[in-house]
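First subunit A sits with subunit B, and in the next complex the same chain sits with subunit C.
Let's look at the complex of A and B:
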């Protein structure tokens, strides 16, 4: 049999999927054990128990300065910013994307501008945001918006253009006005595609969030990581990174579930 | 009385003459089949009738006045593909034209009025044999069922003329025969004017009351466009005969 025709079974597939995680975990444990044998005070690769102790402190002990449980207050702060940023970004992109995709005049007016704007490196704009909006919440949320909206907008414009011309003609022959066609034909077909765009934007959104928090914040997951870095607190940084990864993963799954439950027609229509 | 009148129509794309000096008048309640080899411009002609493309010279009159510059409710269409809306169930697809007409702002009706409209839509679905599929989405239907749905959707909007663009070309022969019977029945019941473009000559004769053949005199000469080479009336008697075979 050729290699390209060999398929693992059901159990085999599961084992294969888990394998890289197990290998990485084992490699870490081995490396950590080796370093601690050479130097019991090693901070670079903390043992599992060191990380567990640190995280128990972060999650279940009140911080003396602020009176908060840091892991949870950091998580709440970061997720609030992320959701605010992505919601604003999704809303703007949806409205602009559909209008521009449908109306030829708007397309001529805005497509070159959006294309140019999306080339601006968002992090390079961050100092401008700090100067204009201060170092509060607004500039962090704005950074996420600037970082993700142009991509989502361009994506939605393309998706609207992908609607077969026959469909739009048909809607007109059924008596639909521009507004009705937008509302009944284009918007419902674009909602699941907006979720696709959102899923793709999650990565960049986290990137901008953590960057903004690293530079100026009083709380947040990114803030914490960059704060404890000064003390080489790998026992906090590594669990935080895993926690952030897990959150991003859960966001992605949630969006995928919403898509398949709210738009049952979408999977079938996409495959046609 | 002629519903559509095409006068001295020319269509030229980048120095290539597609249609040359076409004259055609289509009377109300007729079923006109337009046949011709691929690339002869028959689909272009149909697209002009639905105001998707525009002629270079000449004019098209619809009910005595110039054809509107954009698609309208008077001219319903069924395409070969993408004729129904993938995000709406079968029932909602047929309900849509009624809703668009009844509510200019939302294009959606709620409450008891919706109930009556649903009845109207169900009757139409029953008519084309799709009542049992009412809750399915188009992607769950076969090609033949999708085209039945497209016909139902176009008819419920009550257009004055129905434009069919190779509507059955993608279907397998058995399904096609079934849908021919359906199309014939619907046309006889509604007595609607139909213009159908097809490359299937037997289909053209089986369904049409008149067959127009469109052909380029020389296939590779860009200066000579397609013209009407044959205009054949189909008598009902021969029609039933071919229908029987």
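Let's look at the complex of A and C:
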């Protein structure tokens, strides 16, 4: 039997999936315990109870300066920015992607521009963005849009081009206008693909969100991490990182569920 | 705070640490990546070996970050002054630059360095609260105008009321602001703070919605040059409160006093050269300026707003004085009010601060921050 043909059973699969998490967790606990034995006030690797206390305070105690429950107000602020940014990005890319993909004149006009624009590192234009959009909410949302829209646009242009020519030709022989073809043939096929593009953009979107919050903000998950980092509060940073990871994971699952629920045909179409 | 004070403006990289060096989040430069990544892993795995650090050893590290009051260190290393003094005591001293100030403190606190350049406030907030007993052996300078509150279009400090202030929160900037508000009968409830990276402060000031900033040099100088900018309060109005120190892990110090002697020797020999009225002094200052990403003029102008304790006598006297005790009391009250003395802190007394007289502020059983004038006095008495 070759290694590449050996498959774990159902239970074995589950155990294997959990194993890396358990190992990481155990290594952390051991290292944390060792450091706390040497120094009970150690800040680098806080114990579980230290993190639990910190999180209870962040989640269920009013902050004395703002009167808010910080974990929730941070989460709400960040998610709002993320959703605003990704929605604008998705809308722009959908409209531009489909029109450019379908209309040869637009393709000649915009494809080189979008390709060039997508190469601009968004964080490098941040100082310019600050001057144009200020350092408030607009610049944070704009950063997410600049960071994710070019990729989604290019992806959608390519997907439109992938539509079998036969479909477009057939629609034309049946008398469909450009507008009708766009609405009836291209848009329905592009919607689930937009969700794919969105899923892939989630990582970059979080990246830009957190970097924008690190630079100037009054709330947000990234803001909190970069703030408490000043006094080495790993007992807040580590749970926040886990929380962000969990949120990102949930976003991804939600998008996948929407996709499979709203476009049940798509999974089959993709596998062909 | 300190951070990339000078280079942040000259070199396009951002001071908030391992943020963006290449325009991407968490993209460390190779150097810092290796340091922080490998360091963190090493710190975690060799953790049980930590107590052994207290033993006598021969190799020591001093970490520094770019700031006008700390530039003598890399220069002394370059000139061979560090090696000269280390050789004298039969030890090795490595002078390590860390690109980001906050990171340097965190690394020192996790046990990666023996000595660090740091402010009095940050020593209390991070290593001391983190249980790392630290001793300040050199009181190097105090900020004498390097930190400032700047308003746009308003000329009185009182006008700050109700404004949104861009500031690096939890830094000495916030301490300065708090002291200013206190001295003018206000509290932080009268203003709103927006945490803003020091690297973007100057650009932020140019945008219309930013009307008040608290920041440090060289950013202060840059913003002051703006027509609408009014420097309404600065650290020269609270002289001697924002101190720049060299701290050493107390366990290491107890086992290896020669390390502290060598550091004092290096420091005052270097100050002697750079503060003399000679062409060598100008050359030294120009080279320190270059090391920090500016030039002679830039460095000299920052020196003007920095009160360097030019002799070991002056530094020792200041460290033994009663003003320092009052200052540290302000500092710990400030940190306590903002929750930076730890979550379990019931009062500002949780951590003890010891002064050369033996006086202890706070818990005498939990002294984690010690001001020591002994080595400065020895230097003054030519006993090194």
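For the reader, a short list of remarks on this structure follows.
We take it that the second predicted complex is superposed on the first by the 272 of 272 C-alpha atoms of A that agree within 3 Å, B and C clash if a C-alpha of one lies under 4 Å from a C-alpha of the other, contacts with A are read in each partner's own complex, and residues count from 1 in each chain.
As a working rule, a residue touches a chain if its C-beta (ideal position, glycine included) is under 8 Å from a C-beta of that chain, and two chains touch if they have at least 3 such contacts.
Keep in mind that what you see is a predicted model, and the values were worked out from it rather than measured.
In the superposed model, A:11 makes contact with neither subunit B nor subunit C. By the touch criterion stated above, A:230 is placed in contact with subunit C alone, subunit B being left untouched.
Contacts of A:45 after superposition on the shared chain: subunit C is touched, whereas subunit B is not.
Comparing subunit B with subunit C, more residues of subunit A are touched by C. After overlaying the two complexes on the shared chain, residue contacts for A:2 are found with neither subunit B nor subunit C. Of the two partner chains placed around the shared chain by superposition, subunit B is the only one that A:170 touches, whereas subunit C remains out of contact. Once the two complexes are overlaid on the shared chain, A:265 sits against subunit B while remaining clear of subunit C. On the subunit C side of its complex with subunit A, the touching residues are 14, 16-17, 19-20, 22-25, 40, 43-45, 47-48, 50-51, 102, 105-106, 109-110, 125-126, 129-132, 166, 168-171, 188-189, 192-197, 200, 203-204, 206-210, 340, 342-344.
Contacts from subunit A toward subunit C in the complex involve residues 31, 34-35, 37-45, 53-54, 57, 65, 121, 123-124, 126-127, 130-131, 134-136, 207-208, 210-211, 214-218, 223, 226-232, 235.
For subunit B in complex with subunit A, the touching residues are 50, 52, 70-73, 75-77, 79, 81-89, 96-97, 99-101, 104-108, 137-140, 153-154, 157, 159. Residues of subunit A touching subunit B in their complex: 164-167, 169-177, 179-180, 183-185, 188-189, 263-266, 268-269, 271-272.
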